[in-house]
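Two complexes come next, and they have one chain in common, chain A, joined by chain B in the first and chain C in the second.
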Partner chain A sequence: MGQIAPGTPPKIVRRLQRSRIAYLLILPAVVCMLLVHYGPMIWGFMISLRDVNVFTVRDWMNAPWVGLANYAEGFDPAGRLGARFWRSLWNVTYFGIVTISLSYIIGMAVAHVLNRPFFGRTLVRGLVLLPYVTPDSVAYSVWRFIFQARIGLVNKWLLALGLIEEPLIWLVGSRSIYAVMTAAIWKGWPFNALVLLAGLQSIPKELYEAAVVDGASGWARFRYITLPSLAPVTRTLILMSILWNFNAFNQFHVMLGRDPGLHADVPSTLIMREAFQSFNFGVGSAMSFALMAFTLVFTIIYLRMLQPREDRRGRK
Partner chain B sequence: MSTQAVAKAQTARRTKPVRARRIVKEVLFYLVVALILTVVMVPFLWMVSGSFKTTLELQSADVLRPGHEPRFIPREPTLENYIRVNSTVPMLDYFKNSLIISTGTMIVATTLALLAGYAISRFDFPGKRPYVVSVFSTQMLPGILFLIPYFVLFTWINQNFGIRLRDTYPGMIFTYTSFSLPFAMLMLASYIDTIPRELDEQARIDGCSSLGILFRIILPLSMPSIAAVGIYSFIMAWNEILFASVLTGSNTKTVAVGLLDFITTQEARWGGMMAAAVIVSLPVVFLFTLVQRQIIDGLVSGATKG
Partner chain C sequence: MLGRKSIVLALVLVLSLGTVTFAQTITFWLMPNAPDAIHVPWLDKHIAIFKEETGIDVKYEIIGWDAAWSRISVALLTGEGVDVFQAGTTWNPQFAATGGVAEIDINEFGGAESFMKANLDSTTYKGKYYGVPWFAETRALFYNKDMFAEAGVEPPNTYDELVEVGKKIVEVFGEGSAIAIAGTNAWDLIHNWAIILWAFGGDLLSPDNKQAVFNEQPGVEAMNWYVDLVRLGLASKASAEYNQPQADAAFISGNVAMAFMGPWNIAGIEVDNPDLNYGIVEPPAGPAGRAAFSGGSNLVILADSPNKEAAKKWIQYLLRPEVLTDYTKNLTHMLPTTYEAYDDPYYNEGVWQTFKKTLSYATAYPPLGVWGDIENAIVGEYKQILSDYVEGKLTDVQRYLDAAAGQVNRALARER
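Then we have the complex of A and B:
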């Protein structure tokens, strides 16, 4: 970088010359991402300001300009769609709070188990990754099978344990979100375990040895050594989970279908139907921008929440 | 000799209750491991068991009817679901579509990622930092945000230029290439960072151009990482649902969305679906196992370094 051999042009010229090659190298990737990501973001915003529907989509740039009407329709809690949208935001938040925290707790517990040497550890570590590796459509289809009322495993076991008298309907109505949560936690904790295990292994052993000498209990060691040491890992892990959670689509689409019903509708499934079944592309775009805004807001709130605690601890 | 034995006996006597407690602890520990494995494996066992059940058994199963409860061991194991996997749902066509799209994505994405990763690792070009950040941040935004305008763009291009992109292989490969690029290029860049720059300098002195260095030095040395990135792209395209459910049609439907066809409003073919599910997951699990180390290291370092 910036090394100049004798007898070459001045630094800035040389740097630009070398940069030209760099720009050429990234050009294909830039074009690709421009057309699939950056471009659509801008067009998406333009679409959200127009009445783009099944009739006007062919010539969307000349679709009637409606200003913020699409946003009003998507947001108005009194309207049919707005009410549904707010509900879907609540659903995905509730879903996220439960699945993210439980996946984290289970992941943390399993990471501690896997951090100990034992017979067959390599094999167990490999097997534990299976839920994470399995394609979403396969995993959630299997869970859909497991949650069937009459032929499913869940009802069979609940009946056997005497917890229920009659088979429960899991995938329709108010219980459906819990079925999806169960499946999502099953699929989600291995990644948490993996990341936390890597975090655990980077904590110096001497810290624990010193704590044992000082007579610290197991809980104290966890509370005052493990948790603070894992704080940076936890922060990114939870933040990524929150961001992904707002985009949740696969688990709901595969387990509950195109319309998961009021109790389990999430923004992505709602927007999908609004855009590709009702063909209200304008309203769909407006709602997806609102979704992005919520994602950003949560990111900021979360980062703020963590800031003062760090200052108190006085990290190096 | 004898003093040693005495000392040994003393320790043994002293630590007997401690040892008993240790054994109990050890047993409990292995029970916990067994519990973890059970939780992980039950859905897979249920999937495999379902794939060997007859349609009759699955349809007449009932948690309330004794003798007909669903169970893990099929009552009359059959291969019918595997043999007839293509009969009601054209699963083999979907498999072919997925193979073409995923392989295409793998080749295109890896090539573009190698070029960009080399540039990021070896050149200090103006605008590099914002570029890397913007690439990374696209991964955090909801997919649905891009899907609607992207679909509208496809329709518009078709309308005005007569080029059909929806439900075509190139259209899907292009889409998925863009999805896997961020992770692929950053992972390759960090791998290329570990290749000593002295090799570049040496080659440059020997008269190699920048592209020559890329293909003669960097490419052969980054093979492990290239394999990992390629397989990552393949798996990503194989598994993707959101865009595939809108942009693929009868010509290009992939296995990830095709799998859902086994359940219609008229009929639920669970046996066929489970057999197809087994077939769909096998390539992914196999490929992932090959490059487990690299992909996991990439993901974990992404999460830990943030």
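Then we have the complex of A and C:
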């Protein structure tokens, strides 16, 4: 940015003038966003400040104002709901750490295989996407069957391999979250593979050729060429996964039901029960906003990371 | 030319307006009470008759139970989408508490005394009626006659006997073969426990509905009895993860000797395993006698519906003795809610006699606006009991029941 000459309008105005057409072009999208996203969000925020429950929901605008009481209830670790909410946040975090990292590792391995030339590669690339495009309800229903104690395939295999002596109960209690993780990883790695494959293909071949000439081992090539080159893709991928993760609902609802139990309850299932089953919309909205605050933290990190380095430096 | 065109257009407009005012249409939501293959033709036929008589057209939509809850909730809150709908008996008071459903003058539907009390109670909220009972259901004890004969046992009369009978069946057929029970995945878990709780002399709430009492001694005993089914090997440990259809399937397939099921299961048996040699007896008696849960569905009118009169006529039509009996007897295998319908000799025979008798003492849950909270709290802790049991972590059920009671009391404090 050059020096501001005296008499010219302030920087912000100049910027706006310069981008006038751009603003006009995004205007319809922004209006739609305001209506479809921000409108309901503001609405939800207002509900979270009022005692909106089964008795008041039809006339929620006149529901008693309770300030932050709903937030207090949702956050109070000594209360039943607060304790459950914190636990659900932990559950979804733990679930995220495991599924995101394993999906990434598997995706990376598959991407490497698919990056090599072999006969039928295009077909395999298409097939790999199959889990990703299977509708959640179908995929997770099947996984529920696979994990069933008496007739499920998992127990059948474990018994056949002699790893267990009697059928394990997977869908109830502390094991249940691992059943959901397995299904979620199965569903999640193809997307990772696809994105990483695209990343791999954009790495110039010359880098590897030069490394081979220098005598770099396979691991060294991966460590010093592949990984750094994939860093931008990885950042985006992981952060997107984290954002999606906090809103996880389908896998838990389909595999474990309306109330997945203490060990596998996640914020979305808890909020759904509280708001839409018991009609406690005030508390439900408060918990939704708390969840949004969590995701917002990651979104901010994400947006900062997406910003080109020069721009960030320039602002200092 | 233009003039003639506009005259034609105006005519078309007038005509179409005319048809709109003449042919009133109401929207009706109901659940899959019978397989679509027979349900849809039945509805089409009766809607045609109704239209012939009244000039009112009924646009219906069959919605699954899970989706129905959310669809109805939205309709209640927005005041549009439907005129008259089917609601589960346990849903009705909560819906009424929102103010979204129309108050009913029960005398327009044959008067309070013509309906079975428990079903009528389920339509009330604060002493007023907000629905009309449509059909009833109750759970009784289904038993496999062949398995019973082979084990040399008779159907149990008491809950103690059930355990004894179960042990003998397990001796012959192996662990988990005595009774099929639903576990943590059952949305109706509470119904299965409530009948045992009542038979043990307990109740969910105090008579004035101000306090939870299910954590008192009978509640603890009833819960222990239920957990014992698994502990003693009468029910499979895997039932902890069952939903109700899975538990039912274990009985229907002929692998398990007993199950608490409802009349709707009879149709399932006819389709899945018509050769099953089974009988149905009343729920066993506990120390306080026999108890049963009265469920079923009511017909409810949306408060904001502009077609309330037409909706009423449709309900009146569905409740006509011949229509109601046809719907329950031949189609859904549910039970009618009007005393009059039981004049049909059909209900004095075979299994229907058992259901009729069971219904005569079946009770409904207290009609409360915060019922959703109460059910969530009890079911949540109940699940935790089963879950901790299968993991070997269950110590004392009292602790869980107390936790649930605490939550229920907080919910009751909010009831208006």
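Assume the second predicted complex is superposed on the first by the 261 of 316 C-alpha atoms of A that agree within 3 Å, B and C clash if a C-alpha of one lies under 4 Å from a C-alpha of the other, contacts with A are read in each partner's own complex, and residues count from 1 in each chain.
By our rule, a contact is a pair of C-beta atoms (placed from the backbone, for glycine too) under 8 Å apart; a residue touches a chain by one contact, two chains touch by 3 or more.
All of these numbers come straight from a predicted model, not from anything done at the bench.
Student: Once the two structures are overlaid on chain A, check if chain B and chain C clash or fit side by side.
Tutor: Once chain A is superposed (C-alpha atoms), there is a clash between chain B and chain C.
Student: Who touches more of chain A, chain B or chain C?
Tutor: Chain A has more residues touched by B than by the other partner.
Student: Give one of first, second, both or neither to describe whether A:101 is in contact with chain B, with chain C, with both, or with none.
Tutor: A:101: touches no partner chain.
Student: In the superposed arrangement, does A:217 touch chain B (first), chain C (second), both or neither?
Tutor: A:217 sits against neither chain B nor chain C.
Student: Quick check for you: in the superposed arrangement, does A:17 touch first (chain B), second (chain C), both or neither?
Tutor: After superposition on chain A, A:17 lies in contact with neither partner.
Student: I'd like to know which partner A:278 touches here: chain B for first, chain C for second, both or neither.
Tutor: A:278: touches chain C, not chain B.
Student: Per the contact definition in the header, classify A:201: touching chain B only (first), chain C only (second), both, or neither.
Tutor: Neither partner.
Student: So, does A:55 touch the first partner chain B, the second partner chain C, both, or neither?
Tutor: The answer is second: A:55 touches chain C but not chain B.
Student: Clash with chain B: which of chain C's stretches 74-82, 308-316 or 326-334?
Tutor: It is 74-82.
Student: Which residues of chain A are in contact with chain B in one complex and with chain C in the other?
Tutor: 57-59, 148-150, 167, 276
Student: Could you list, by residue number, the parts of chain A that touch chain C in their complex?
Tutor: Touch residues, chain A against chain C: 53-55, 57-59, 80, 148-150, 167, 169-174, 256-259, 261-263, 273, 276-280.
Student: Given the complex with chain A, which residues does chain B contribute to the contact?
Tutor: 29-30, 32-33, 36-37, 39-44, 46-47, 50, 58, 61-64, 69-70, 111-113, 115-116, 118-120, 122-126, 128, 131, 134-135, 138, 140-153, 155-156, 159, 174-175, 177-179, 181-182, 185, 210-211, 238-239, 241-242, 245-246, 255-257, 259-260, 263, 270, 273-274, 277, 280-281, 284-285, 288-289, 292, 296, 299-300, 303-306
Student: Quick check: in the complex, which residue numbers of chain C touch chain A?
Tutor: 69-70, 73, 76-77, 79, 94, 97-100, 183-185, 187, 236-238, 240-241, 243, 369-370, 372-373, 376, 379-380, 383-384, 386-388, 390-391, 403, 406-407, 410-411, 414, 416
Student: Can you tell me which positions in chain A touch chain B when the two form their complex?
Tutor: Residues 1-2, 15, 18-19, 21-23, 25-26, 28-30, 32-33, 35-41, 43-44, 47, 52, 57-61, 110, 113, 116, 118, 120, 124, 126-131, 133-139, 141-146, 148-153, 155-156, 159, 166-167, 186, 190-191, 194-195, 198-199, 202, 232-233, 235-237, 239-240, 243, 246-247, 249-250, 253-254, 267-268, 271-272, 275-276, 281, 284-285, 288-289, 291-292, 295 of chain A touch chain B in their complex.
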